[in-house]
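Once you scroll down, you'll see the structures, which are given as structure tokens.
The two complexes that follow have chain A in common; it is paired with chain B in the first and with chain C in the second.
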Partner chain A sequence: MPGNPIDILISRAGLRGSAVQTMYDYYMGVFGLDMPIWKQYLNFWTSLFQGDLGISIYLFPTPVTDVIMKAVPYDLALLIPSVLLSWIVGNNFGAFAARSKRLDNTLLPFSYILSATPYMWLGILLAWAFCIVFRIFPLAGGYSFAMRPNLSFAFIGSLFSHWVLPFLSLFIVQLGGWAIGMRNMIIYELEADYSNYLKALGAPNKLIRKYAFNNGILPQITGLALKLGEVVAGALATEVVFAYPGIGYLILQAIHNEDYFLLQGCFLFIIIGVLMANFIIDIVYLLVDPRMRAGMQGETA
Partner chain B sequence: MSLQVENLTVYYQTLRGDVQSLEQASFKLADGEIMGLAGESGCGKTTLGNSLIYLAPPMKYIEGRVSLDGEELPIWDLARMNVYRYKKISLIPQYAMNAMNPTRKIGKMLSELLRSRKISYVDLLPEIKHRLDIVKLSQDVLNMYPIELSGGMKQRMVMVLSTLLDPSLLIADEITSALDVSTQKSVAEMIVKFRDCGCMKSVIFITHDVSILYQIADSILIMYAGQLAEKASTNVIINSPLHPYTKLLISSLPKVGVKYSEDKLSGIPGTPPLLLDPPEGCRFRERCPLAFEKCLQAPPFIEVENGHFVACWKETPA
Partner chain C sequence: MTTQTKKNEILYFALRNIKLRIGVSILLFFILLTFIGPLITPYDPYDFVTSGAFPPSGEYWLGTTTFGEDVFTQVVYGLRATFIVGIVGGGLGTLLGLMIGFVAGYWGGIVDEILNMFTNIILVIPTLAVLLIIAAYLKVRGIFVESLFIGFTCWPWAARAVRAQTFSLRSRDFVDMARISGVKPLKIIFSEIAPNMMSYLLLVFILQFGGAILTAATLDFIGLGPTNTISLGLMMNMAVLWSALILGSWWWFVPPGLAITAIVGALYITNVGLDEIFNPKLREM
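Our next item is the complex of A and B:
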């Protein structure tokens, strides 16, 4: 990253004369930036293994870990419900659409439009509609600027009303993709040999659809793991649109202020998060696909 | 008479028009009869089999009547046929290797299938185990996923599944095609064994392998390009066929003791017609060495001797 974050810090403080040089030397020392590059690099790794991500330049003197920890609850509250709910609703929606031609013809184009919508564009549209035109939801922030965090109903209500729009914009865009994927899977499964065999033996459609859903959902679980990385990026754009105080918003601030300690911390956090989610999904896959379970146990007969 | 089919005509709907894959099929099947249905690929064998149990689009019912045990089957009505499926008429499909749901244990799938037909799995369990013994499968397979079985095991498992409710008619569609010769023979023998112990009354055994029919079938029905050519008892078809196509087909089979390095096997010259717009009259006309003017009209499928039906003007008494 070109440029020197300390210059920004100094210029923001509005110092003059010799104080500039004094403060500059002080900050360079505090952040360890006066050392040779290789030593800075070594320092980065040593402190990383001690769980220390350094001190944020932009929010000096808060440690980066504290800054991130403050933002994480917002992210989790935004991402987990939107990812899981859109997955569940989208899959059911898609399976429902695969039932008949008429449903398919009406719901499918709609889903394609949804899934092709950029997160931020939908975010801006929602913000315009619900904040400016109808004035139902607040426009920016994680909670009302007039409040301080406390455990009261008013504060929780404020949290909720600030949460709705970012959540909706993530939820709606992902919904379309899942619905399309599931619709295709169900149609494929309903044409599979085992479905035809059951039909020929007079099994009711209910049973055949149930099997198709159970088998069609398996690739969707893999898809969920792949989609997570993309969702994190989508959350970044959404958080920027709504100035929602999650990791995405932090990243934008860190870039503006050339705060590479914070930026590194955020990226590290996201990477670990995505890897962990993938790991969890791998384990879930083992639980839901009986063939894998049978494979792990080896020969039984 | 277990099965009686009259003038059954079934087409396939395509964007380029109807494919006339089954034309005016009439035949009868006695109780306990194993009828081999033979012919080359695309001659309508599977169409005939499927139309008796699950006539779904793109297949289109044109005309014809089917009755089983004296009861007329509404084969054109997908929903009304459901009562008869599995209980009266059952199918071992061409794709038996993939016929079972891969993510359900076989026993669980069977119990769910039976429950959906209002039959108790627990009551049937002793019978299921008995039949697994007949096909030489361990009872543990009920606790396994299809992926844990070999191809031949799956084939035998599907055989047990399909015949569990003692149907009057079993349609076995190319069940030996994907197996090696020794497994083919054991599967074919199990069909005979199942028939003998009353698991099903009669069988339509669809195959393009005439030699396997020679071993198990009571009678053979030869089809050509959507039309029935000849039906007679196995011995008659093999030793004294009447229809020119059957004659040429049988003469193309290798015989024991003949060295084909000196005497090349002769095939039938030409290819079958496209069924999208088939020629008028007898569809074998263009490849037939005996064809004459009258063959421009479709020959009737008539009984020339007791139990011997043939569709050829040369064999029709004037």
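Our next item is the complex of A and C:
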């Protein structure tokens, strides 16, 4: 990264005269920047395997791992409920809308517009409507600035009221995509042979739709794995809007302060997180699809 | 003779399709605005035309920012950046996706294994995280550089889709025929396989176009967009940074977001319309 983060640290301390050079050398030593590049690179890998990501420059002298660990709960609290809920609601919505003319024509364009909305714009609109105009929810931060983290109802309430809007903006934008995907799947499944056969047997519509839904849900699980990267990106932007203290906000601070240890740490953490989530989704897929299950147990499907 | 009637048929359904009509008219409106806008506004995007933020009025159509810049001018110039990112980034993404998809799908075997593994790795990595790092390392960024990076990271799903299509076309009789008569593989891909999925490729390009615009907006909003021009994402970034929310100057952040949503939404709706035209099964009678 161009520019020297140490200069920023020193200018922040407001030093002058010979103290500048002394502190400069001290910081260079602390961060290990006075070594040749190849040695810095080797050091990076050895400490990485020891679970050490270095020291944050922006929040000197907190280790990067601590900074990230403090931010991760906020991210998980945003991502897990919004991804799962919008997936469930969106799929049911799409299945419900498929093949009913009026719903299809009203909900579908709406869903397309939703999935075309940039995450942060919806976030900004929600923030403007609910924080400024109606004054229902607070605008920024993870909890009230007047509080210290503790285990009281007031604090949890404050956490919750700060969480609602970022959650909503993530939830709403994702909804459209799932609804569209499920609608298309249901239409496709309703034309399959087994649906026609069931219809010919005189099975009730509800039963046929249930089977179609069960078959349509499988590609949607794969879709979830593929969508994760995009959702994480959306979460980063949303956190910036609400100054929500998650990884996205950290990245922004890291960039502004040229804190490349922190930036690297966040980057690694996001990638590992997404890979792990993909792994979990793969396992869930195995559990949900009876054919895969049978294959794993060595039966012939 | 047959191609003539086929063309007429597509045109007939294209004109009748309401989704296509709506999508294309919205797109045309914004394209026209991009070209005409700079001519009808007397200012430059960063000109200070007045003092402070004023709501929309007859003089300043979309109001002014806290610094007294004309929002309409900024939107019009920002649209240009949006379309450039869409065309360059989306185009590059489509092209890369096509190449990799064709090669993997046509040759199969070990080439396919390697390319497919590569595609899957890129597919799973959150591209925005990669773009963030790249953008943070580049001090001066132009709109073209941004588009190139977006193009280089957004191709994987296109590659997968094209690969699957190529697989299904590869073993058709007419492809076998060409192969037996000794046509070179590249020629087979471009003259036998590609024309048969032309409509599909158009849809891929449209989706890539929209995706590139959204990615660029996110990057710009985080403050890693172009440093030398205006863009719609940058406008939203400035609006949030200079507390347009608290000051209640909604005219600063609503127009850029609305323009992005309208353009990308119109692209998606056009896509559905085109899908219905190319695929008779989906047509509503």
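Methods note: the second predicted complex is superposed on the first by the 296 of 301 C-alpha atoms of A that agree within 3 Å, B and C clash if a C-alpha of one lies under 4 Å from a C-alpha of the other, contacts with A are read in each partner's own complex, and residues count from 1 in each chain.
FYI, a contact is a pair of C-beta atoms (placed from the backbone, for glycine too) under 8 Å apart; a residue touches a chain by one contact, two chains touch by 3 or more.
Quick caveat, the model's predicted, so the values are computed rather than measured.
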* Given the superposition on chain A, are chain B and chain C in a clash or a fit? -> fit
* Scan A:Leu226 for contacts with chain B and chain C and give back first, second, both or neither. => second
* Contact breadth on chain A, by residue count: chain C or chain B -> C
* To do: Mind working out whether A:Leu252 is in touch with chain B, chain C, both or neither, as first, second, both or neither?
  => second
* **Contacts of A:Tyr197 with chain B and chain C, given as first, second, both or neither** => first
* **Contacts of A:Val64 with chain B and chain C, given as first, second, both or neither** => neither
* Asked: Which of the two partners, first being chain B and second being chain C, lies in contact with A:Tyr112: first, second, both, or neither?
  -> second
* Asked: Touching A:Trp121, do we find chain B (first), chain C (second), both, or neither?
  -> second
* Where chain B and chain C come nearest after superposition, their Cα distance in Å -> 6
* Could you pull out which residues of chain A sit against chain B in one structure and against chain C in the other? => none
* Which of the residues in chain A come into contact with chain C in the complex? -> 1-3, 108-109, 112-113, 115-121, 124-125, 127-128, 131-133, 139, 225-226, 228-230, 232-234, 236-237, 240-241, 251-252, 255-256, 260, 263, 266-267, 270-271, 274-275, 278
* Asked: So in the complex, which bits of chain B are touching chain A?
  -> 50, 53-54, 56, 81-87, 90-91, 93, 95, 98-105, 112-113, 116-117, 138, 140-141, 143-145, 147-148, 158, 161-162
* Asked: How about chain A: which of its residues touch chain B in the complex?
  -> 192-194, 196-204, 206-207, 211, 214-215, 218, 289-291, 294, 299-301
* Asked: Within the complex, which stretch of chain C touches chain A?
  -> 123-130, 132-133, 136-137, 139, 157, 210, 214-215, 217-218, 221-224, 233, 236, 239-240, 245-246, 248, 250, 253-254, 256-258, 260-261, 263-265, 267-269, 272
